[in-house]
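Order as written gives the chain letters A, B, C, D, E, F, G, H, I and J; numbering starts at 1 within each chain.
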Amino acid sequence: MLFHVTMDVHVPHGCDPVRFEQLKAAEKARFQQLQRDGTWRHIWRVVGRYSNVSIFDVEDNAQLHDLLTSLPLYPFMEVKVTALCRHPSSLHDDDR
Amino acid sequence: MLFHVTMDVHVPHGCDPVRFEQLKAAEKARFQQLQRDGTWRHIWRVVGRYSNVSIFDVEDNAQLHDLLTSLPLYPFMEVKVTALCRHPSSLHDDDR
Amino acid sequence: MLFHVTMDVHVPHGCDPVRFEQLKAAEKARFQQLQRDGTWRHIWRVVGRYSNVSIFDVEDNAQLHDLLTSLPLYPFMEVKVTALCRHPSSLHDDDR
Amino acid sequence: MLFHVTMDVHVPHGCDPVRFEQLKAAEKARFQQLQRDGTWRHIWRVVGRYSNVSIFDVEDNAQLHDLLTSLPLYPFMEVKVTALCRHPSSLHDDDR
Amino acid sequence: MLFHVTMDVHVPHGCDPVRFEQLKAAEKARFQQLQRDGTWRHIWRVVGRYSNVSIFDVEDNAQLHDLLTSLPLYPFMEVKVTALCRHPSSLHDDDR
Amino acid sequence: MLFHVTMDVHVPHGCDPVRFEQLKAAEKARFQQLQRDGTWRHIWRVVGRYSNVSIFDVEDNAQLHDLLTSLPLYPFMEVKVTALCRHPSSLHDDDR
Amino acid sequence: MLFHVTMDVHVPHGCDPVRFEQLKAAEKARFQQLQRDGTWRHIWRVVGRYSNVSIFDVEDNAQLHDLLTSLPLYPFMEVKVTALCRHPSSLHDDDR
Amino acid sequence: MLFHVTMDVHVPHGCDPVRFEQLKAAEKARFQQLQRDGTWRHIWRVVGRYSNVSIFDVEDNAQLHDLLTSLPLYPFMEVKVTALCRHPSSLHDDDR
Amino acid sequence: MLFHVTMDVHVPHGCDPVRFEQLKAAEKARFQQLQRDGTWRHIWRVVGRYSNVSIFDVEDNAQLHDLLTSLPLYPFMEVKVTALCRHPSSLHDDDR
Amino acid sequence: MLFHVTMDVHVPHGCDPVRFEQLKAAEKARFQQLQRDGTWRHIWRVVGRYSNVSIFDVEDNAQLHDLLTSLPLYPFMEVKVTALCRHPSSLHDDDR
């Protein structure tokens, strides 16, 4: 099942930069694992912001919740989830 | 260049249903032409709403404006455009 | 899978009351069919408003979209969908 | 009487994690006591957020206020309360 | 039980003034009946607007819903309901 | 003259609890003095929130400003003021 | 007593222009009478909008409500009222 | 003096298309006259919307108000005005 | 030229009260100098809030920007500026 | 390609003023380099606020993202980006 997810990252002033870089590296590794699995299907940056727009393809709602809340940068994120479905006009059978 | 576009369709009460079906058919034909061209790269329905989330891949801002404002259902749409760019962590070279 | 759905009904001034009562009767029949099926799991009225809060238990996002957009009163509704999941603290195994 | 309650939890950066885990354990115990009593009738997680949607069945407004404001995590919550009532179309006599 | 209710009245342009005056008279009669019953405990006008702020004292949520949605001007109102309870600092035992 | 006032109290994390209890006690004493004077005519709690809805009956705008801004908890409050007037349909001559 | 009032005028499409000019002339006459009385103390136009910002000096809330709701263009206005008081730093004893 | 102006055009359904094209032609002629005068200094389209962002360079507030409210399409516009001033870091003496 | 300015002052918790009183005294002195000059033409307090509504009469946008951003309390203010112009119905030639 | 960018700067209380002045100097130098390049085509201050409105002329979305997020003051900015295109009525061939 497909979900549209926006993640806005807010770095608090005074945050330890070394610790934050570690979390970013962990976030990148976790993202790439999920991308390889086909779960984190798309990711794009929003121009001018520390935000992304992503498409997830998951088994169910619970899997999506677990994936999102266990992201290394989750404590710094404002997350919004929108349920999607395939568009009937699409010519691509596997457009996910 | 990539853009995230949301389109919310508002059908006014009293709208002629025959005319509206004609516009929907024209919209579908135009969409599929743009999908084949690779310009209208993705489209998904928003669950429970007469709305879609789309990703466009265009030459420039002007092309996107012309594509959107010439859609058959454009007079009934509320359109929001967000500029995107490729995410540096993505493993997919052509993730568009 | 569980979803939280709010439906706000807006009756336009000048709406034909006979036609609207027919739609309300069709809506009620459809609701009760879905309630018996276990799909429309809960419904409550919002005090003082022509709105309800509902919980749906569906196979996937597409089924929810089809159910909602085919409701007889759908053209008069503003619908909002929120994906839910079971709460880990709940003592009720089948709390849906 | 039935009420729809949303609780959004905001954990401030710099919060002592040991203290917070203690509060979460106390919150869980209190929740399960109220769930057994039938007062906290339903709880669901909102996907991707540290939030829940709940249905309370209480004697009156004052009981609901006392229950909510004495929750261990209440100082970290943004709470919204909406009064509900039974829907006349419901086939379930005890749908609460 | 006490509830805070705001009612904003929107008169559509083109509304039949004779019919509207009839509804206003019916609304006034209904209001005064409920005021005598002690159910519609307080009403005040909001300065400069066609709105009121009211306090209702009802048996339960369902009674409030029935009272509000059967008001003669209800189809022209935007209604907001907030659950209240007695303030513990109040010196007035019957402050309702 | 009558005014509708909402007061939302925000207790900052890390606030000294002893000092805050002192302010709450001072707030209660001040409230009861104004209630006895007839100036702070009504107060109700908003269910589930650290907020109240109040009705003030004052000589003029300046008196209301002085009363509100000198409350012991004022530095922690978000205050909203709405001017009211008597409703012409009210049967209670002294409904204030 | 002083009040800050904003008035946004919305002219519905299809409004009879002759009738509207009559209402505008009546509005102007009424405004100038109130300006001479000292009640409508200031008026300014908001640049680029059919809106004004005004300062009223009235006996009490009820007088302001009666003045505003009896304006000829009131049915076309969105009105917002804010209670003001004299600023203690002002050097002008009669700055109203 | 410089002002940032956004103009959102809303064409009501049922608007006479011949009349609207006449207004658009008149709008274009008026715009080009003001552009030649140097008053309407810049105009850009907002991608995907019937909106523009403009920079005006006027003598004073009153001139801007008169220019905007006399535009042929003004009755169909939502206009927002923001006062600007030259940025001290700019290297362009005449950057307007 | 006339501008409507609202200033909302937010005093952060933990702000040094001696320093803040010094800034308030400096703000008052600066205000009174500008009031004598005729630049800060009107000021009123918003009832119940640490906010004022002011009318400025300045040479141009740049002068207003310099005046506002150099106020002693500016770092604690949320400022909103609206361009005004004289109302054509006003009987007062110098109504500013 | 043209983009409209607003930048609101928020200086946290307690920010080291020496460090902040260094960042402002670096920001100014970077701005002037981009202005000379023709990339940061226009900048204006918003009156009364620590904000600017800018027009960028870039190769593509990715270049704009890189320019904005590498600005020395970026960690203190709230940035909003809107895609623009040339207006067909404009008489200036190079109006950018």
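Heads up, the rule we're going with is that a contact is a pair of C-beta atoms (placed from the backbone, for glycine too) under 8 Å apart; a residue touches a chain by one contact, two chains touch by 3 or more.
Being a predicted model, the structure only gives us computed values, none of them experimental.
Enquirer: Through how few touching steps can chain A be joined to chain E?
Expert: 2
Enquirer: Copies chain B, chain C: same or different interface, half of numbers shared as the threshold?
Expert: Comparing the two copies, chain B and chain C contact each other through largely different residue numbers, since under half are shared.
Enquirer: Considering chain C as a copy of chain G, what rotation angle in degrees (nearest 5) results from a C-alpha superposition of the former onto the latter?
Expert: About 145 degrees of rotation relates the two copies.
Enquirer: I want to compare two interfaces, H-I and H-J. Which one has more contacting C-beta pairs?
Expert: H-J
Enquirer: Per the centroid of Cα atoms for each chain, what is the distance between chain F and chain G, given in Å?
Expert: The mean C-alpha positions of chain F and chain G differ by 29 Å.
Enquirer: How many Å are there between the centre of chain C and the centre of chain I, using C-alpha atoms for each centre?
Expert: Roughly 51 Å separates the two chain centres.
Enquirer: Just how far, in Å, is the C-alpha centre of chain J from the one of chain G?
Expert: 40
Enquirer: Going through chain D residue by residue, note those that touch at least 2 other chains and give them in order.
Expert: As it turns out, chain D has residues touching two or more other chains at 2-3, 45, 47-48, 61, 64-65, 81-86.
Enquirer: What chain pairs are in touch here?
Expert: Contact pairs between chains: A-B, A-C, A-D, A-J, B-C, B-H, B-J, C-D, C-E, D-E, D-F, E-F, E-G, F-G, F-I, G-H, G-I, H-I, H-J, I-J.
Enquirer: So in the complex, which bits of chain I are touching chain F?
Expert: Residues of chain I touching chain F: 11, 13, 45, 47-50.
Enquirer: Help me check something: in the complex, which residues belonging to chain H touch chain G?
Expert: Interface residues on the chain H side: 3, 5, 12, 15, 61, 64-65, 68-69, 75, 79-81.
Enquirer: Note which residues of chain F are touching chain G in the complex, please.
Expert: 1-3, 60-62, 64-65, 81-86
Enquirer: Of all residues in chain B, which touch chain A in the complex?
Expert: Result: residues 2, 4, 28, 31-32, 35-36, 42-48, 52-53, 55, 82-92, 95 of chain B touch chain A.
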